[in-house]
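Would you mind keeping the following structure in view while I ask a few things?
Think of it as A, B and C in the order they're written, each chain with its own count starting at 1.
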Amino acid sequence: MASNITAAPDHRPTFQEAAGELVSKVRAGSSASRLWLMIAAALALVGLVGVIGRIIDGYSDRSAWGYYAAMVSFLLSTAAAAPMVSIAPTLARASWVRPVTRVSQLFASVGVVTALMHIPLMFALPPLVEEGVRRRSIWFGAGAYTPHVWGTIAIFGLTFLGLALLWASSIPDLRAIAESGEGRRQRWAARLAMGFIGTDTQWKALRMRIGVLGSFYFLFLIFTHLVFSADFAMALVAGWKDAIFPMYHAMTGLQSGLASTIIAAYFIRRYGHLERYIELDQFWAMSKLLFATSLLWFYFFFSAFIVFWYGRSGPDQATNDLLVSGPFRWAFFATFLMSFVIPLFTLMFNPVRHSIRGPVIVSFIILGGMLLDRIRIYVAAWSTTGINDRYLREIPATRWPDIFDLMVILGTFGAAALAFILATRLIPAVSLWEIQYSRLLTRPARFIRGHALIIGKPD
Amino acid sequence: MQQHRELSEQQINVQLLNGTLATPRWWKWAVLGLLIIVLAGFSTFGFMINKGLGVTGLNRPVFWGTLITTFVFWVGISHAGIMISAILRLTQAEWRRPVTRAAELLTVFSLITALSFPVIHAGRPWRIIYWILPYDFSRGIWPNVRSPLVWDPAAIGTYLTGSILFLYVALLPDLGNLRDRTVGWRNRLYSLLSLGWRGNSRQWRMQTTAGILLSALMLPIFVSVHSIVSWDFAVTPSVEGWHSTIFAPYFVIGAVHSGVSAVVTMMALMRWLWKWDNFIRPEHFDALARLLIVVGTAWFAFTLIELLYSFYTLEAQELAFRDMQIFQWPWAFLFIVFLITGFFIPVPAWLFKRVRNSIPWMFWTSISVNIGMWLERFLIIVPALSRKQPFVYTWGSYHPSLTEMMMIVWSLAFVGMNMLLFARFFPLIPLFEQKEAQAFSSRIQIGRASVPAVLREQEQE
Amino acid sequence: MAIKSILGLYESPDAGANALDGLHAAGIEPHQTEVLTGTPYPEGAFGEHVPQHRLFRFPAFGAMFGFTLALLYTAGTQLAWPLVTGGKPILAVPAMLIILYEFTMLNAVIFTVVGIIFESRLPDFFSKKAYDRRISEGLIGIAVACDEQKVSEVEAVLKRAGALEIKTA
């Protein structure tokens, strides 16, 4: 049968073209990226002022920290989840993902912002034992500050693992940058490349390191979502017992991580002029996953909702009142529309999925939905009282953001963008070695009279 | 990974139709043996109808026992088909090809078997019609759509209908092939069933599109089915251990664990019985075992989270229930067997390539999973009911009677017999998928290495 | 004038593609030709006419039909016998949603299957089109529907491309 297959002309960039183009982008940067960098830095500064204001405002009123907690959770559910876009398909040996693996891994740099933002929040979390009374938690009889310790270990550990994964997968590209000339950036790149020259052993070690770090990152991500969602949301609300909630938190994070990657890939492609590397195929594949995760958003939400709605016990009703039909119902309905209804009724059409702008617009909408979702959960949870009661006896009123909250929200976006753009100044936003590897393993071909692509699947 | 030799289309026809165009010697004896058990099962059912549910071990407060456990078990097994057929089709996993039809078939027969159990359990089976169909126009009595017991038939009915249609559509090209290879009444039967299939471009295009479109439609149904079954339990606030929000995905992932394991069992049997060594190869077992490591570990994580959150509230009744379920005889014994057979034996074993590539090992470990998964359902349903509840005001215990055990054996024989009967008339491995796999497989040369490759269609610019 | 169906059988896909090229060059319209195979080849592999279809409309219509049916069933039956159970409203939307969903999906699947059969132009029991059972054993069939007058010309083209056998129906 193989005789039906013949070689077809290959119009993809050659090894040399790709190396020259991608490395030079890092060296030169672009005027657009400089402008975005300045805007991001300004916003981050505004956020810093907001954080300082929040700290000066004090910790006596726990409800004041709701929006802040929501933003930390937002980063965990977007930037921290984004590297999964590269990890899962790579483990499944999908070839489409290679041009966007780096884009998703670059989000690990935002972990630094998440970790820094976590520090003041840790002080706002009440201890497990107050005035001799132990509150409900997943830590049961452990020490009073166990959630603080494990929350910190989880977030810092995840940040470390993310950066390690970014570094490990960038080593061959760092070598290429180091060899591209003289200068401070090249010296840094040479140091980080750790003597990589591309021997067979080094390549094997590199692939194994990426596989192991990716697997650990996934496990740690789930652990972090479990710990954070349990300690910083559920345990603060009397009677809220929701075993699916950590999974909802993690799964919706994957949806938004995917959306973040799509948006970043779009900007990098457009302003970095990388159309020959990040193509329609990548957006098409990611938009299919985005569609699937949007369906899962509803599934995970409804799995909890129907149990509470049907059960109708005191704690059941209070939980639904607080999170769905209560003070944040506006946020819930907006989330429902933005995270599920709109993605469902747009991405179900192939022309939308099979486009570049379609998935990008839907991704922006999904990120808006995620922001509102985290606000409805965290602000509501942090606003409640009677933490030791059997169930929530009083549903708190809607809490609107104050000026510090608004500054923190803006600053979170700014700081995240700043970390991401700075990372692209050192590491190519499209993985040079993955592009080259992909070129080795895929070949355009003719199948009798038709067009085809041969994809190598090494053992 | 490509451990097979290339065959011509004619050879593929001959080898894969060896159990359809001819009757293997063992087939009659196997069917006869299973038929005896099936008839014994029907007789037991007749006995239950005649004598009433008193012949079962069911009594206050345990009104759901092994019949409902086995219902949930077979719904779980039915998740094999769409998991293998739809997900792997959408992700273009090449190794799915020899497995899809048998997995879809397992879905159909296990769903039919699952649906029989609530009917058997009802004691007066005809009364089920009152619950689910809007039939009584004269008296104005209608089904209660707010009840999960009406949701169940809606979900399982949808899944069963969809699975049968999915199976039939994907069978069309092979029916055409069978028509070409037969004479007499069989030729007339296949001509009728193949609807005049000729294999033109339009028909093949529809086959390809249908595979993707039906997969995409069946996937959400697949997820909903076991979720809805789980809500039979989870929406009940009065039974300890049931009212948990994690039940829906927990049941689904458990179903995938048991369903895919059942496919492994079936593949081993297919390879041994029909000698399809050239089609069902160690690489397929290897790929399924890798998938099962992920699924099994995810299922175990859900089990742990479920337990974690049952302790979370530290409520006395919940803790007492878990204490009974995990530490008290005889539940403790069953709980240990469940964990060992469902996870601790198979999943660590699959980490070794030698086990993944050994068909006897895969056969026995996959059976181990399903022993564990049956026990899981039993441990969810029965211990929880045997405790005093707000609406039953009494304690109790439960011992399955011989009639109930007979129905479990009947269900295994019923599914097995139907699979064998199907295999006598239709190919268990899709012929056209095997041919396509060969047409689309290739190798690329990288330096001195020859790497296996697959061909993907590309749109013309 | 009677339309005849002529079938040329080829051993290799390349020969089949050449035959199709030859037919097009001889003025046979693409919609008059068919490529018959026992294997699903990639679209356009023979340079054949790729037919358009409207399959995607079927599930959409089926879904709408199913949703409407389920709405009548769930809302209609509850309103017809308004008995409060479990403290839930008569029109309990979350509970109805489950039935609505299942009926919607069920009908989407049924209509899709109807669509697949219709778009495959099946059932096709009575049309007298040339066919050979060896196609499902690996031969490539190039079928042409043409006027009686053109039969000899078509047969010549098919033969020139290396047909193993030519059948007419």
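Operating definition for what follows: a residue touches a chain if its C-beta (ideal position, glycine included) is under 8 Å from a C-beta of that chain, and two chains touch if they have at least 3 such contacts.
Being a predicted model, the structure only gives us computed values, none of them experimental.
Enquirer: Using the touch rule from the top, work out which pair, B-C or A-B, shares more C-beta pairs.
Expert: Between the two chain pairs, B-C has more contacting C-beta pairs.
Enquirer: Which chain is most central here if centres come from C-alpha coordinates alone?
Expert: Central by C-alpha mean position: chain B.
Enquirer: Give, as an integer number of Å, the spacing between the C-alpha centres of chain C and chain A.
Expert: Distance between chain centres: 42 Å.
Enquirer: Report the inter-centroid distance (CA atoms only) between chain B and chain C in whole Å.
Expert: 30
Enquirer: Approximately how many whole Å separate the CA-defined centres of chain A and chain B?
Expert: Result: the chain centres lie 35 Å from each other.
Enquirer: Do you know which chain A residues sit against two or more other chains?
Expert: In chain A, the residues touching two or more other chains are 4, 306, 310, 312, 447, 450-452.
Enquirer: For chain B, write out the residues touching at least two other chains, lowest number first.
Expert: 220, 439, 455, 457, 460
Enquirer: Residues touching two or more other chains, restricted to chain C: which are they?
Expert: In chain C, 41-44, 46, 56, 86, 88, 95, 98 touch at least two other chains.
Enquirer: Could you list, by residue number, the parts of chain A that touch chain C in their complex?
Expert: Interface residues on the chain A side: 4, 302, 305-306, 309-310, 312, 350, 447-452.
Enquirer: With touch defined as at the start, can you tell me which chain A residues reach chain B in the complex?
Expert: Going by the criterion above, the answer is residues 1-2, 4-5, 92, 136-138, 140, 222, 226, 239, 241-247, 295, 299-300, 303-304, 306-308, 310-313, 316, 440-441, 443-445, 447, 450-459.
Enquirer: Once bound in the complex, which stretches of chain C touch chain B?
Expert: Contacts found on chain C: 34-44, 46, 48-51, 53, 55-56, 59, 73-74, 77-78, 80-81, 83, 85-86, 88, 92, 95-96, 98-99, 101-103, 105-106, 108-110, 112-113, 116-117, 119-125, 127, 129, 131, 133, 135-138, 141, 143.
Enquirer: Can you tell me which positions in chain B touch chain C when the two form their complex?
Expert: Answer in residue numbers: 8-10, 13, 134, 140-147, 150-151, 154-155, 157-158, 161-162, 165-166, 168-169, 172-173, 176-177, 180-181, 191, 195-210, 213-214, 217-218, 220-221, 224, 228, 432, 435-436, 439-440, 455, 457, 460.
Enquirer: So in the complex, the part of chain B that touches chain A is made up of which residues?
Expert: 1, 6, 91, 94, 220, 223, 227, 231, 234-237, 243-249, 301-302, 305-306, 308-314, 438-439, 441-444, 446, 451-460
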